[in-house]
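Dropping the structures in below, format is structure tokens.
Next come two complexes, and both contain chain A; in the first it sits with chain B, in the second with chain C.
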Partner chain A sequence: MADEAVFLLLHNEMVSGVYKSAEQGEVENGRCITKLENMGFRVGQGLIERFTKDTARFKDELDIMKFVCKDFWTTVFKKQIDNLRTNHQGIYVLQDNKFRLLTQISAGKQYLEHASKYLAFTCGLIRGGLSNLGIKSIVTAEVSSMPACKFQVMIQKL
Partner chain B sequence: MSRQSNRGTESKKMSSELFTLTYGALVTQLCKDYENDEDVNKQLDKMGYNIGVRLIEDFLARSNVGRCHDFRETADVIAKVAFKMYLGITPSITNWSPAGDEFSLILENNPLVDFVELPDNHSSLIYSNLLCGVLRGALEMVQMAVEAKFVQDTLKGDSVTEIRMRFIRRIEDNLPAGEE
Partner chain C sequence: MAVCIAVIAKENYPLYIRSVPTENELKFHYMVHTSLDVVDEKISALGKALVDQRELYLGLLYPTEDHKVYGYVTNSKVKFVMVVDASNTALRDNEIRSMFRKLHNSYTDVMCNPFYNPGDRIHSRAFDNMVTSMMIQVC
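Up next, the complex of A and B:
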């Protein structure tokens, strides 16, 4: 029953920890984002395993994405994804209008350039969760105005 | 999916697992970044400290606990309110020193170490060292300088996890010159 606050603080500390030990520069920034994303990946894998232990088999890809948007997101972020869009050809866009990890940072365009740091872990989380459900994907995020953000999932057909 | 009935408890359990898993990923990453366990321990302590100085504000806002009058009261609040609130466990308080400035927190089960095993090449890693930093940082914000360290750890084969807390001194506020 770890309180939400603890996870939030831990996540923010992880982000600043990763960046503190790196130097300036475009390459370093990319490396830090990758580190955070990989951490999220591991956590996503483990979490989805625990979570779907007793659930029924998913019918198809869309069913899995809906699960991520409703149950998975509710467990992790205490709310559902506000909007799911797809082109039915392997691209899904998950929109969260009040993303929990960004609400404390700003309400608008301030600090927009730092938003990607706080989204990397969650992108990994989604990618890891999907990976353990048998879906290989690439997950990116974009923010135009905090705390709303969009996660784009591109399914990789093997 | 008709799981309405146990949705509440399940999601609570899951969010503690989220924290546990995230912490695990963090420690793993730190072990990769730093070559030796001592550095990882120090880094965990530092991160814990940073979290602690913020967590105390959240704690004071939520718990409505007043100022503690002595170290015993502090110990009670830490074990019965804070640990319960944030980690869902209530450690027991034992081994008070005769002067009343040291005590032990005994955790029967440590939620941070669910699913964790320490490999042999990391025998001096203090896995849950973040907790020591959190305690130190949080108490410093309420004017207490303390030292916290693990003396027993279930990950290393002990039967319980024990954190030894030692009161060092009260931190006096430095008033600006000219004020009294």
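Up next, the complex of A and C:
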């Protein structure tokens, strides 16, 4: 049971560490969010390589998104994505009603303005995983009431 | 026991290529390059009847008079190509599969190394050692 807490605490420290080491001007510019997202990107690439080592080849994009929602999310956050919606034109919305990294922060609207910092790493994680599987995407997150959050994935068609 | 092993990125440039008799290297590079077309053909949807679509191991790509070329594609579209001596008839399919599995495991370890940038050539010594163990010993 202890292994969940380790990543949670490390992630919280990472966020505060990045913000503390940034200079005054950068905090407003959002460069810290970019740093966290890029960290998540590289981690996502490595993780996906390890997780897809033994799985069969994916048939199409929807197959890949379903893999992200079920196996990938289960291995990283010990639960599945609660809701996956798509418009079949390259936009996917992943909804998690009890996001592991936000449960300890608040149970409603308190601290809502700080939530984006804690979601940046996970956005990068999704983007890195998809990019290693051959899908270029943009991932954003929105929170209306913690700990539920939505990740929106926009696939870039080249 | 392989004669040449190559790891090719999804953009089709080599990340790692090594052959054992080092004098005829160019010939093996050319062979690996031509085998990429065969790999693409096998993974495209057109060749549905040829290969089980869900498998990562592609099998024998094409035989030449003294060499046989085998292929394997990962889910991240990284291709492994192995050239073996055609005279080595003792080498069975299972052994080739297990060699590719070892390659895939080592490649995953390289990918998770924080000092490795995805897309660069592979310089890892651990990967080199693993590949050396799979190549034939030439005195």
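The rule is short, and it goes like this: the second predicted complex is superposed on the first by the 149 of 158 C-alpha atoms of A that agree within 3 Å, B and C clash if a C-alpha of one lies under 4 Å from a C-alpha of the other, contacts with A are read in each partner's own complex, and residues count from 1 in each chain.
By our rule, contacts are C-beta pairs under 8 Å (C-beta built on N, C-alpha and C of every residue); 3 or more make two chains touch, one makes a residue touch a chain.
These figures come from a predicted structure and were not determined experimentally.
Greater residue coverage of chain A by touch, when chain B is weighed against chain C, goes to B.
By the touch criterion defined above, A:53 reaches chain C but does not reach chain B. Within the superposed three-chain model, A:21 lies in touch with chain B and out of touch with chain C [touch as defined at top]. Once the two complexes are laid over each other on the shared chain, residue contacts for A:109 go to neither chain B nor chain C. Once the two complexes are overlaid on the shared chain, A:132 sits against chain C while remaining clear of chain B.
Judged by the touch definition given at the top, the superposed model places A:79 against neither chain B nor chain C.
According to the touch criterion, the shared surface of chain A, contacted by chain B in one complex and chain C in the other, consists of residues 42, 46, 50, 55-56. Across the complex, chain A is touched by residues 1, 3, 10-26, 28-29, 33, 43, 47, 50-51, 54-55, 58, 85-88, 111, 115 of chain B.
Residue ranges on chain C touching chain A, taken from their complex, read 10, 43, 53-56, 73-77, 104-105, 107-108, 111-112, 114, 118.
Residues of chain A that touch chain B in their complex: 1-7, 9-11, 13-14, 16-18, 21, 35, 38-40, 42-43, 46-47, 50-51, 55-56, 71, 74-76. For chain A in complex with chain C, the touching residues are 42, 45-46, 48-50, 52-53, 55-59, 132-134.
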